[in-house]
Amino acid sequence: MTTPLDSPETPLETTARLLVTCPDKPGIVATVSNFLYNHGANITALDQHSTDPTGGVFFMRLEFQLPHADLPPEVFERSFERAVANRYEMQWQISYPANAKKTAILVSKYDHALMELLWRWSRAELPTDVSMVISNHRDMQQAVERFDIPYHHVPVEKGRKEEAEQRMLKLLDGQADLIVLARYMQILTKDFVDQYTDKIINIHHSFLPAFVGAGPYRKAAERGVKLIGATAHYVTEKLDAGPIIDQDVIRVTHRQSVQDLKERGRSIERDVLARAVKWHLEDRIIVYGNKTVVFA
Amino acid sequence: MTTPLDSPETPLETTARLLVTCPDKPGIVATVSNFLYNHGANITALDQHSTDPTGGVFFMRLEFQLPHADLPPEVFERSFERAVANRYEMQWQISYPANAKKTAILVSKYDHALMELLWRWSRAELPTDVSMVISNHRDMQQAVERFDIPYHHVPVEKGRKEEAEQRMLKLLDGQADLIVLARYMQILTKDFVDQYTDKIINIHHSFLPAFVGAGPYRKAAERGVKLIGATAHYVTEKLDAGPIIDQDVIRVTHRQSVQDLKERGRSIERDVLARAVKWHLEDRIIVYGNKTVVFA
Amino acid sequence: MTTPLDSPETPLETTARLLVTCPDKPGIVATVSNFLYNHGANITALDQHSTDPTGGVFFMRLEFQLPHADLPPEVFERSFERAVANRYEMQWQISYPANAKKTAILVSKYDHALMELLWRWSRAELPTDVSMVISNHRDMQQAVERFDIPYHHVPVEKGRKEEAEQRMLKLLDGQADLIVLARYMQILTKDFVDQYTDKIINIHHSFLPAFVGAGPYRKAAERGVKLIGATAHYVTEKLDAGPIIDQDVIRVTHRQSVQDLKERGRSIERDVLARAVKWHLEDRIIVYGNKTVVFA
Amino acid sequence: MTTPLDSPETPLETTARLLVTCPDKPGIVATVSNFLYNHGANITALDQHSTDPTGGVFFMRLEFQLPHADLPPEVFERSFERAVANRYEMQWQISYPANAKKTAILVSKYDHALMELLWRWSRAELPTDVSMVISNHRDMQQAVERFDIPYHHVPVEKGRKEEAEQRMLKLLDGQADLIVLARYMQILTKDFVDQYTDKIINIHHSFLPAFVGAGPYRKAAERGVKLIGATAHYVTEKLDAGPIIDQDVIRVTHRQSVQDLKERGRSIERDVLARAVKWHLEDRIIVYGNKTVVFA
C-alpha cells in the first residue's frame, strides 16, 4: 500500500479516503468499486473486514485518486450517499489528506509523549497541523513555543474543573479534529468527551496483571512482573476502558529498579502513542462498539 | 477476516480463494467484484496491494462463497478467464479449501521442524493432507508412522543425487501441492526445483550479520551477536536466496552457550516454518520476482 | 555462563549449585567464595541481586565444581551451614545436577503444553526425569506411554476432589521435585499446594487488560486487544496469583478469529512454560515473597 | 541490581565500579571480594562470566560502596593492582560515577539519533556530561545550542579528511571519554579510531540478509524482507564490523513503503543506540576480541 506521501505517482492533492461500516451483504465491494470507477476514481488501496459474512458487520477502507476535477467534493459525496451509502445503510466518511487534520495536544508535566509527537511532526512523520498545546502547567511552554506552536496554560483548580474545560473547549473549537492526551493527568468529564467522540486518544501504562491506583510501577516491581507495556486507546467516559488502538510491551527482570521500569515505560509509551496518532491521522482506524478495526 | 474453519456461517465446502497478479489499472476491483456478484458469489475477504497505481503491479486475494451450485468450478473458472482475467492480463489461480492441498515433507536428521508440523497438523491447525515424509535417513520412521503417514527412505549416496531425486520425484508425482524442507540437508538440483516452482518451502537460521559455511551457531557465539533468527523462504536454484516468506528473531546474550543458541534457534525455526506453511496452505502468499506479498 | 551440559570441561557429575537468600550485609560474597575456595571448589557461575545494600535482601546463585572428592556432600553441606549460612541467617539449598530432579506433569485435555515438555525432554533440552503424567482424563494416555512414561488416570468426580488429590499425593510421594500443571483444569486445594510450596508451576493465558471467567479468548476478541500472552507462575492457594516466573505476548489484529487467537495463545503458552520449567530445573529461580528472582 | 541513581542508600558519591578481564582460575572471586571487604568496601552488584572455567577467560563487573574515606582512590587502586590484579594477570579499570564521563557526539544531517540522546540526557536518563557536538554540517547547530551544548562545525572537504580529523582530535582532547557517532556519515581513519579504542559507538541499520552499498532500505523493500533492524557497535578500522553491543528489529510487511521502512528504521536506531550508550556510561560493557560481554 504505497502511501501518497512517498510516491510521486499518487499526489496528495487528489487523494481521498473512504471509511465504511455497514451490515454485511453481498455486493458491497462491487457497488462501491463500480461507483468509484464510473466517477473516474482509481482505487489505490483497499482493506476490508467482516465479523461474519452472514448477518455480520462489514468494514472497509479505500484510498483512491479523485476524478480529474469533474466534480467538487460535496457533489461527489452527495452522489455517493444517494447511490451507495443509503442503499447499504452505511456509516461512512470521506477525508482528503490535502486538508490536513488539526491536532491539539493536552499535556501535564511529563514531557516524553508530547516531545515524541512534536519531534515526529517536525520531521513530517505525522501528517497533521498541530494547532495548539494546552497544559494545566507552564513547564513546557518554552519547549513547545520553539516549534512555533501556540501554548495555552489552562490550570485546573480544585472544584473548578468545569470552568477550565469550558475554556479549553473554546480554544479547541474548530481547531481540533484530533485531541491527544500526551500524559494529561486530569480526568475529562463526560460532557467534554461527548463533544469529541472517537477523537481523543490517550496513552497509559499497562501491566500483566494490571495494577490500579497510585504508584503502578512500584507495584509492578514489587510483584515481579516480567513485561511492562503501554496501551493507546480512544477516550470514553469510562476511565482507561475505551477502544484499544495499539499496545506493546518490553521485557524486564528483577535487575531493573523502579526508576528503570519508568524509563522503559516512557519509551514504550512514546512508540505506541506515535503509532496510534499516525494511524488516526491516516484514517486507518474504525471504531465499532468498544473495539477498533485498524487497517495498518 | 473470519476464516472458514471457525465460522459455521462460511462453510468450507463452498469457499473459494482467488489470487491475482496483474498490471495495475483503474477498474480491476470493480470488474472482479462485479463478476463475482453477478455469479452469485459473496466476497468474505479481500486484500489488495499495488506497487504503484500508475504502471505498477497489482496483487489481490479474495475469499468468497461460491454460487449455490449453479455452475461447476471449471465453467466458473473458464468464465472468469474470458470475462476478467484476459482483459487485465492476470496471472491468477482459484483454489478450493474443500480440496485440501497435499503436502510432502522432506527431512534429514533434525526432527524439530518435522515434529512441529505433524503436531500442528494433527490438531487441525494446518489445513492439508500430509501425503508422505521422505528422508535420506531412517531415524524418524517410527515417529512419523505413528501419525499414520507413509515414510519413504531415500538415501542420497555420493555422486548419485540425481538417481535419488528421480526416486523422490516419482513418489511425489501427483502427491505434493507443497513440499516442505523441514531441515532437509541435501541441496536440491535445479531440475528438481524447476518442477515445483514456488511450491517448496525451506527454513534456515539467520543472523545479523550472516555467517556462511559450517558451524554458524558457533560463529555467531564467537562474534557475540545479540539476536538469532530464522527465515522461511521459497526454494529457488540459488541456495537460501529465494523469496522470503517470514522471519523472526530472539534475543541472546553472552550467557548463552552454543548449545543454548541452537535450542533457541530450533524454537524460532519451528514457529517461523509453521507460520509460512500455514500461509501457503491458506493461499495467502503471492510470489512476485524474488519477493512475496503475504496477505496474513 | 557455560552450562555443564555443553561444556566437557565442567562435567555434570562434579557440578553443584547454591541458592542463597539472606539479609544483605558486607562480606557475604567474600565469605561464601572463601569457603568454596578453601574447600577446593571452583566457582563457574555467580549471579547476585540485592533489593538494597543497606538493610535489604540479598540473593545469590552460584554454580561450582565440587572438590576432588575430599568430602561427601552431607559433610560439605553441614560445614557450609556452620561456617557460613548460620552466620548470615541464610535460607539456602545446594543441588547436584547429577541427581536429576523428578518432574510429574498434570494435564487435562489440552495436549499442547504437555507435548511441548515431553518433546523437549526427549531431546535432552530439559534436564529432568519425568516420573509420571497424571490426568483426570484418558485422552493422552497413548501419546504419553509412547515416551515410556507412566500415565495415571485419576478422575476428579464432583464433590470428591479430596479423594482424588489423596490418590495423586500418594502417586507423587517421593516422585516429584517439581509438578507442572500443563493445562490441568482442576483447581488444587490449599492442602495439596501446601505440600509442594514453590514446586508447582502453572501456565495460563494473559491479556491486557485481563478477562476473568469463562471464554477469555472470545472476550479478548470482542474487546479488540492487540496483544495476547501467557504467564508461567508458581502455584499458591490464591488462584493464578502466585509468583510470576515468565511472561510473553504476541501481536494480534482484528483479522484473527477467536480460533486464531487460541492457536497463537497455545504457541505462546508452550514457549513460556518450557522456559519456566527449564529455569526451575536449572535452579535459576528464587522465590521471595510473591515475586521471583530469575538468574536466567 | 539497584542502581545508585535511584536508591538513596547507595549514594553516587561513594560508588565505584570495577571491570575485570583475566584468565579463569580458581579463587578470583574470593580474592577480589576479600580485598574489598578488608578495605571496608561493600559489594552492591556483581556479575561474572567465564568462557570456560578451565583455561578460559573470566569477566567480572563489580559495583561497590567505597570505604569511608580511609584511602584516596589512587592509593586504593595501587593497592588493588599489587594485591590482586597482578597476581591474576588482570586487565582492569575502576571508575567512579561521581566523576561523570564526558561524551562527544558526532553527527551529519540526520537528527533522530542525536536528538534522542540529547533528550534522554536532558531528563537525566544518561549519566554523562555532553561536552560537545561536532558536525560536518551546520543544520543542527540551533537545536543543539538550545541544550547549552557547544556545537562545532568541522566540514570535511574532499581529499582533506585528515585535516578535519586533526581539528576534531584537538577539540576532543581531554573532552571525550566516549564518542558517539549519531549518524555521522564520514568514515573515520584508522589513525583517528586508534586513539579511541573501544570508546567510539556507532549505530547502523541491519537487515536479514544484509544489503551493502547505497540505498539499503530500497534494496530491503525490493527483496521483501520481513524484519528491519539496527546494530550498535564499537568502531574499529573495519567498517561496521566492530564488537556488537546491541541489536534489535521490527516487523514489516509488503504494505510499508520505503519511506515507512526508513521511519521504522529511525525508531529502532534511536532505541538501540540509546541503550548501548547507557550501558557504556554505566560501565556494563567489556570488549573481548571482537565481541562484547554486556552485564545489562
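We just call them A, B, C and D in the order they show up, numbering each chain from 1.
The rule we apply is simple: a residue touches a chain if its C-beta (ideal position, glycine included) is under 8 Å from a C-beta of that chain, and two chains touch if they have at least 3 such contacts.
This structure is a prediction, so every number in the text was calculated from the model and none was measured.
Shared contact partners of chain A and chain D are B, C.
Just to note, of B-C and C-D, the chains joined by more C-beta pairs in contact are C-D.
Chain centres here are means of the Cα atoms, and by that rule the chain farthest away from chain D is B.
Between chain A and chain C, two chains of identical sequence, the interface residue sets overlap for the most part, with shared numbers making up over half of the total. In the CA-based superposition of chain B onto chain D, the rotation angle is 180 degrees, rounded to steps of 5. Per-chain CA centroids place chain A at a distance of 42 Å from chain C. If each chain is reduced to the centroid of its CA atoms, chain C and chain D end up 36 Å from each other. Among the residues of chain C, those in touch with two or more other chains are 1-2, 7, 49, 255, 296. Residues of chain C that touch chain B in their complex: 1-3, 5-7, 111-112, 115, 119, 123, 125, 146, 255, 257-260, 263, 267, 271, 296. Residue ranges of chain C in contact with chain A, taken from their complex: 49, 206-210, 222-227, 229, 231, 243-249, 253-255, 289-294, 296. The part of chain A that touches chain B in the complex is made up of residues 1-2, 7, 9-10, 26-30, 33-34, 36-37, 40-56, 65.
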